[in-house]
Amino acid sequence: MTSLAQLFFDAVSLGGIYAMAALGIALIFGVMNLVNFAHGEYIAFCVFALIVPSTEAVAVMFLGKAPAFLLIPLLLMIGAGAAMLSEYVVFRHLRRATPVAMMISSFALGFVIQNALLATYGGRPKAISLWPELNTPVAILGAEVPLLQLIVILSTLLVVGALALLLKKTRLGLEMRAAAENFTMARLLGVRANVVITGAFALSGALAAAVALIMATQTGVADVRMGGQIMLVAFIATVIGGLGSLPGAVAAGFLIGAASILLQAFLPLEVRPFRDAFLYTLVIASLLLRPQGLFVPSSAKPRI
Amino acid sequence: MSKLGVFDLSVRYGKVPALNDVTLHLQEGERVFVSGPNGAGKSSLLGAISGAVATSHGRIEMDGDLLTGRAPEAIARLGLSMVPEGREIFGSLTVEENLRVGTGLRRDRGAVEGDIAEIYDAFPILGDRRHASAGALSGGQQQMLAIGRALMTNPKLMMVDEPSLGLAPKIVDQVYDTLVQLQEERGLTLLIVEQSSTRAARVGGRMILLRGGSVVGDGDASAFAEKDLLSEAYFGQSKLEVAQ
Amino acid sequence: MIGKHAQNRLLGYSTPVVLIGLLILLVALVSLFGDKALARTSAETLIRVVLVVGLWIFVGNSGIVSFGHAGYMAIGAYCSAWLTLKPQMKALFLPDLPPWLAQAEWPVLPAALASGLLAALVALLSGAAILRLSGIAASIATFAFLAIVNTVYSNWEGVTGATSSVVGLARYVDQWVALAWAAAAILAANLYANSASGLALRATREDEVAAAASGIDMYRHRLLSLVVSGFFTGISGALLGHSIGVLNPDSFYLGITFISLAMLVVGGIGSLSGAVIGVLVLSILIEALVRLEQGVTIGASEFALPGGAQEILIGIVMILILILRPAGLLAGRELRLPMAGPKLQAKHTTPN
């Protein structure tokens, strides 16, 4: 019987991961109306960047061998770099394309990245061991909580806080917010489109790297399919939160995390494997009730 | 050399022509109104100059620098500023943040704070509400914010599209008074789209009449205030000749 | 002498003639000159035609990208399996089927029709929920739908065999059967596209506000197109199952979603001909890549592409088309029969 405290920590840490994944998507959508279906693959790419390319079942650490204070910034830069590269190679040429064309391109890009990973690392899930000490439980409020979960919760708060500060207080943040609301007007005031968009992708990629670090440590597995799984939830969180709304994406990420944990805990055993189906049905229901998103005022103009 | 030179400019939206071989020039420090019926191409003209709208033909130059084919942000960096129709202020940003959006392109960062103080001097209501959300301002206040915001880029040439739209006449008076004052203080060149010829005549300046995408009149604004001349331009066939 | 408008309508109906004629030619060539392997590839291609045309009926007319159609495929595929598999097989591998279903042993055609109808019904239900959303939100919701179907079918052991494959389906689908269904799908798609509903729907694709102002009920038309689309997509699933003989939920998830969208995009979302041409072009490309992956001798050396290269190349092709020729190879135009006579020169008027 899982205690309430246990459930709480499970929900908040899962929610944190979803929130960060959703933020990465909301950032880019806010600035250029692009639903980046390749985002999940940035996450997978970062996970696989930790290990040596091979098809072995047990992975040999590559970058993952570096000490934490080196690995974290390095991976964040790799994530940012991968995202910026994809912008430069693919999305920059689609600036005038319809949202549908951009969406399908990002889907294709995601597929390409996933298959590139498949070709390099093979389809078998690999065992990776990144900071296994973090999985030792810590007794807190009567629950046995893995240290990692606490770190996830703290990091999410840190990341969200840092992002909020960046957006509110820096030049880039101001320009990004202006561009997100009205790109053409921002450009008429001298805001450079390339700077804002590259910045959004860099931030998005760094967020993907953060999620990758957490997932690698938590699950201990590197699987070429992991991108798709997290991406689906992240998208749904962005839509439920209101496409383009950053606080909405974060809130929705936590909501879905909580709903997922609660369903897992309270659904009768036979039905539990279908937890995801229930979750997505709840999603469709929420979209029917409030298509513009749960955290957006009803007076908001549709962004699409 | 003219401040702004438009040569044989044509703009098309798909197959629909909006401007046909328009040629006009602005001299430094001038105040020029562009008027004409709906669909005449006034907003397209401003859109083309500012880079927001693609041109199909023609050349635009400012102080000898080529504008056509450049991105809007590059044109802004050359010293052109635009207050679009409908103001388009950033409602999710505060008043002061709106003013600061355009300051990124300035080299003289030190003067920015001074300029902001000047804007608040010219528009005290903005100063009072500098940390309020810009979306909460009234129409007239938003118009002032839009103008102040455009001025914060320290432009040489400023274009304003329909400043009187949706505003009470008394507010429009205020807006224009401030515009004229600011123009004189800074030596700005102004290009204003204004539907009301009486208003333009009252403010004073040169007027260019557009109809059906072409220039049909160019002269002193007061001359166009005479009703028959204007209705001939709006509804008639001939190109007007006006005594300067 | 018929007026220009009526002329255009008539020309519009000539598209299926051209397309079906093309497919008949393909099948004839393969059966005359090809081997068994090529016949199987041809059948696979024609099944894809059914799928992508089915997809087009919704996506092409409504302008909403659906990532969920593989879900309708799965529903159709397993439905046909439930109805046609021998009761002994079902008792062994799918023990939780309701008795009337477990006992059922239908002939293949009614089973296929039933599969289409079931998929259409699910399309009706899912569409009722999803189609009130605006474009992009609807697309994401279709992704959720795909995930739901995949989760359910991958876990419901007693009914679908979960992740173990269901085997033993009657492999009656050869290239002629597939051709027949492809022809049916093309005819239906063309009829729908030229119907009042299809035209109204395409109007909403261009400008939602104007269409609503003209009194077009966008929701109803979207729903209708999704139901018809679901029907043929479900049938394509049944056809796929009965051509390979084996079913697995993974065959109806991201891979097929990607490939079908790629075919739609390459040919051009705007036209039915685009959908068919897209299938043909990419199927040829895929076949060539498969052969290259198996190894080809050029001169004295063996040359083989690494596994996974196929998907990567197709992804790159897709992106290039979207960048360079976003309207697709046919740019939204339909293939039509040229009409005789000087004044009746066939103009490529687009259906958009």
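Which chain is which? They are A, B and C, in the order written, and residues in each are numbered from 1.
Definition applied: a residue touches a chain if its C-beta (ideal position, glycine included) is under 8 Å from a C-beta of that chain, and two chains touch if they have at least 3 such contacts.
Small disclaimer: the values here were computed from a predicted structure and weren't measured.
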Nearest-to-centre chain - CA centroid comparison: A
Leading chain pair when contacts are tallied as C-beta pairs: A-C
Chain of greatest Cα-centre distance to chain B: C
Centre distance in Å when chain A and chain C are each reduced to the mean of their C-alpha atoms: 32
Distance from chain B to chain A - Cα centre to Cα centre, in angstrom: 43
Chain B and chain C, separation of their C-alpha mean positions in angstrom: 52
Touching residues (chain side chain A, partner chain C) in the complex: 35, 90, 93-94, 97-101, 103-105, 107-109, 111-112, 115-116, 118-119, 228, 232, 235-236, 239, 243, 273-274, 276-277, 280-281, 283-285, 287-288, 291, 302, 304
Of chain B, residues touching chain A in the complex: 50-52, 71-73, 76-77, 81-82, 84, 88, 90-93, 97, 100-102, 104-105, 149-150, 153
Complex contact set, residues of chain A against chain B: 171, 174-175, 177-178, 181-182, 184-193
Residue numbers on chain C that touch chain A, as the complex places them: 63, 65, 67, 129-130, 132-137, 139-141, 143-145, 147-148, 151-152, 155-156, 254, 258, 261-262, 265, 269, 306-309, 311-312, 315-316, 318-319, 322-323, 326
